[in-house]
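What follows is chain A paired twice: with chain B in the first complex and chain C in the second.
Now for the complex of A and B:
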C-alpha cells in the first residue's frame, strides 16, 4: 500500500518539476517550487526520515517561498526570453540522463538490508548511540556528535550565506525610495491578523519543543530555528516590518547568527582546552554520557540560533528594499 | 457489536470526506472564475477536513492519537478558512471583481 502512495507522490514530483521548467511566469514557478517541497517532505516522511521531512516542510515549503516572493517583489515576474541552443541542449541532456539512468542499474534495491549504506557505518551508529549518548534519536546523535564536523560546516555555510545576502542587499536603498516600514503589513485585515496572532505563540512553543526535545523525537536545531523564524516572519507579514524589527531588532538577529556559530565552535575549543579532541564532548563532564548529552544540547542551541538569525536577517534584508513599482 | 457500528460509521465518514475532496478538486479545475474555484477549494479544506479527521478519530479510539488528531483539526479549521479569506481578499484588492453578470457578457 505504502509503495503505491510513494509512487503516486513521486509521479506528482516529476510532473511538478516539469511544470517548473515549462512555465515562464516566475510567480507560478515559486508556487510550484513550494508544492515540490511539500511533496518531497511527504516522500521523506514515507521513507521514515521525519527529521528531514520537518526541515523540508519548514524551510523548503515555508521560508524559501517567502524569500523567493520577496525577491520577485524586487525584480520582475516574467522570465527573460533567452537565445536557445536547442540542439546542443538536447544532446547534453540526453547524454547526462542516459548516464544517470545507466548508473541506477548498479543501485541496490530500495530498502535492501544488504546495501552498502546499511552495512558500512549505520549498524555501528545504531549500536553505539544508546551506549554513548543514552537517547533514542540516532539522527541527532549522528548530526551532533558522530559527525559534528559536518554540522559545524553547515552552520558556517548558513553564516556565510547570511553575510553574503547582507553584503549584497544591505547597501543603502536608492534615493527617492518609497518604502515605509510603518505602512507594510496587514493591519486593516482583521481576520488574518487575529488568527495569526493566535497561532504565533504556538508556533514559537512548537519550535522550542523541537529544539529541546530533539534527542528524543524528530527535530533539532535546524528545524527549530526554521520554525521560530517562520513564526516571526508571520508576525512581520501581519503587523508590518517595523513591528517585527521592534520585537526582534537587527542587532539581536546578527547576535544570534554570530553567537550561534561561535557557540558551536566554542564548544569545540573548550573540548580541546579540557584535554580532548575538537568537538569530543566526553571530556566536558565527569560522566561521559552526560557530557555527550550536554555537548549535543549546546551545539544544537548554537545551530538553532544561527539558523533562526540567518533566515530572519535574510528576510529583513529583502523586505527592507523598496518594491518594484 | 458496538465496534462494528463505530467501524461502519468511521468508514462512512472517511468515504464521504474522500468524495468531498474529489468534488473540491473537480470544482477547482472546472468552475469558471476565481471566486467559484476558491469556493470549491474551501469545501475541501473545511467539510472534508472535518469528515476525514472525525473518521480517523473514530478509528483511533480513546488514545493519544485522538488528542493529536483533534489538535490537527483545530489548527486546520482555524488556518484554512483564514487562508481562503486572505486569498479572496487579495483578489478583490487587486481588482478581480466577483461579477457573474460580467462573465455572461464575455461568453
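Now for the complex of A and C:
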C-alpha cells in the first residue's frame, strides 16, 4: 500500500518539476517549487527519514517560498522569453537524466539490508550512539558529533548567505517614488489576523520543542531555527514589517547569527583548550557521556540561533528594499 | 600547550571563526587590520606545515576525536600543503597591499561584511585543501563559493552583478554534479572518507554507477576549475570584480578545484581501475590543449587588460590540466609547480593592475597608453610578472614551462606535437604580454590619469615583493619544486 502511495507522490513530483520548467510566470513557478518541496518532504517521510522531511518542509516549502516571494515583489512576475537555447538545454538535460537513470540500474534494491550503505558505517553508528551519547536519535548523534564538523560548515554556509544578502542589498536604493508593500501588513484583513495570531504562539512553542527534543525525536537546531523564523515572518506579514522589527530588532538578529556561529565554534575551541581535538566534546566534563550530551545541546543551540537569525535577516533585507513604482 | 598537532584544524577554523567577529569591527580600518592579521596568521600556519612536510612529515587530524571513516579526517600532505601556501599567501598579500584600493571601491559601512566574506572564502578554500572527506569537501566548497560570489559582486561596478549571477549558476551546477558523483560512490561503497573509498571502490561488482560518478565528479570540478570549454563564467567575473578580489581569487580559486579534481581522480579512481588512467588522459588532454590554444588566441585580441589576463588564466589552467593528463611523475610535477608559479605571476600582474587602477578609472588597454611615464615602478613590476607568465628564462614561469616540455617529450610518437603547441602558445603569450608592455611604455598617452604619481606605497612595495619573488623562485626554485615533486610522488603512488 505504502509503495503505491510513494509512486503516486513521485509521479506528482515529476509533473510538478515539468510544470516549473514550462511556466513563464514566476509567481506560479515559486508556488510550484513550494509544492515540489512538500511532495519531497512526504517522500522523505515515507522513506523513514523524518529529520530530512522536517527540514525540507520547514526550509524548502516554507521559508524559501517566502524569500522567493519577497524577491518577486522587487522584480517582475514574468520571465523574459529567450527561446534560443531551449533545444540545447533539453538535449543536455535528457543526456544527464539518462546517465543518472543508467547509473541506478545497478543500484542496490531499496531497503536491501545487504546494501553497502547499511553494511559499512551505519551499524557502527547504531551500535555506538547508545554507548557514547545514550540517546535514541542516531541522526542527531551523527550530525552533532560524529560529523559535527560538517554541521559547523553548514552553519557557516548559512552565515555566508546571510552576510552576502545584507552586503549586496545594503547598497542604498536609488531615490525616487517608492512604495513598501510590507509597511502595513494585513491589518485590515480579519481572517488572516485571527488565524495568524492563533498560530504564532504554537509555531514558536513547536520550534522550541523541536530544538530541545532533538536528541529524542526528529529535529534539531536547523528545523527549530526555521520554524521560529517562520513564526516571526508570519507576524511581520500580519502586523507590518515595522512591528516585527520592534519586537526583534535587526541588531538582535545579527547578534543571533554571530552569537550562534561563535557559540558552535567556541565549543570546539574549548575542546582544544581542554586537551581534546576540535569538537571532541568528551573532554568537556568528567563523565564522557554527559559531556557528549552537553556538547551536542550547546552546538544545537548555536545552530538554532544562527539559522533563525540568518533567515530573518535575509527576509528583512528583502522587505526593507522599497519597490520602485 | 603544544598546538602543532592541531595545525590542520587551525588552518581552517582560525579564519572561519574570526569571520563573525570581524562583522562587529565597525570603526574605520579595524576590520581591515583584523582580517589582515588573521590572513597572515593563516599564512604562517601554512608555511609552518609546508616546511615540516618538505622534511617528510604528514599531518592527520581526527575531527571531534572520531577516527576515520566514522568521523571526518583532515590530512595534509605535500600536494595540499602547496595549495594551502598559494591560498593563504594570496589572501594575505592582497589584504596587506589592498587597503587603499578596497577603501576606494567599498563603502566604509559595508567593509566589515566584505572582510568577513574574505575570511570565509579563505577558510572555505583552506577547508577544501585540508579535508580528506568527500562530503566535507563539498561543504567547504559551498562556503568558499558563496563567499566569493559576495566578494565579486561587492564592487561599485554594476556589471559585476550579471557576471556573478552567471558564475553562481555555473558554480552551483558544478557543485551539484560533484555531489551527485559523491552520492553515487557512497551508494556503492557506503563511505565518504577518501582513503576508505579508495580501499572499497575496487571491491564493487556493478561498476556502472562508479563510472557515471567519475564522469559527474570530473565535469563538475572542471566547471568549477574553468577548464576549457567550461570557462565562460570566468572572464567577466574576474574583469568586473573589485581589483583586490581579482588578485585573491585569480591566484587560487580555480586551482583549489583543480586540486580536488586531480586528488579525487588519482586517489579513488586511478588507484582501482587500470583503464582509468587512459580515460583520464584522453578526456583531459584535448581539453587542455584546446584551452591553451584558443584562450591564448582570444587573449591576443582582447581590449580590456583585466579580461585579457582572465583569458590568459584559462590558457594557464590548460597547461596545468595538460601536465596532469600525462599521468606521469614528471607531468604531475610540472602541473603542481605551474600551480604555484602561475599564482605568483598572475597575482603580481593583478596587483600591478590594482595599482594602475588607483589613477586610471578605465582599464581598457588603449586608455592605459603611456602609463609608464607617470607610474614607472608599477609598470616595471607589471612587465616582470608578465615575462614570468610567458616563461622567460630566469623567472618562475620558465621553470614550470621547462618541466612541462620535458614531461611532454616522454609522450610517445606525438611528443613533438605537444611541444610544438606549448612553444606556439608561449609565443602567443609573449605577443599579448608584449602588447601590454608596448602600450604602457611606447604609446603616447590618450587619457591623462585622474591624478599624477605612483600608487600608494604599501601596494607598490607588495607588488614589487611579488615581482621579485617571480625572479627569486626562477633562480632558486628548490622549495616549491621539492613540494611539487613530493606531491607528484604522492599522487603517482596511488595510480596503478
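Everything below uses one rule, namely that the second predicted complex is superposed on the first by the 310 of 325 C-alpha atoms of A that agree within 3 Å, B and C clash if a C-alpha of one lies under 4 Å from a C-alpha of the other, contacts with A are read in each partner's own complex, and residues count from 1 in each chain.
Heads up, the rule we're going with is that a contact is a pair of C-beta atoms (placed from the backbone, for glycine too) under 8 Å apart; a residue touches a chain by one contact, two chains touch by 3 or more.
In this text the structure is predicted, and so the values were computed from the model without any measurement.
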Touched partner set for A:257, first chain B, second chain C, both or neither: second
Which of chain B and chain C A:113 touches, first, second, both or neither: neither
Touching partner for A:282 - first (chain B), second (chain C), both, neither: second
When both partners are placed on the shared chain, which of chain B and chain C touches more of chain A: C
First (chain B), second (chain C), both or neither touched by A:192: first
Interface residues of chain A shared between complexes with chain B and chain C: none
Touch list for chain C against partner chain A, complex: 1, 6, 9, 13, 16-17, 19-21, 23-24, 61-66, 69-72, 109-110, 113-114, 116-117, 120, 123, 127, 135-136, 139-140, 142-143, 146-147, 149-150, 153-154, 180, 184, 186-191, 200, 204, 206-209, 211-213, 215-216
Interface residues, chain B side, partner chain A - complex: 75, 78-79, 82, 85-86, 89
Touch list for chain A against partner chain B, complex: 189, 191-192, 195-196, 198-199
Chain C-facing residues of chain A, complex: 99-100, 102-108, 115-122, 124-125, 128, 145-150, 153-154, 156-157, 159-161, 163-164, 166-168, 170-171, 254, 257-258, 261-262, 265-266, 268-269, 272-273, 276-282
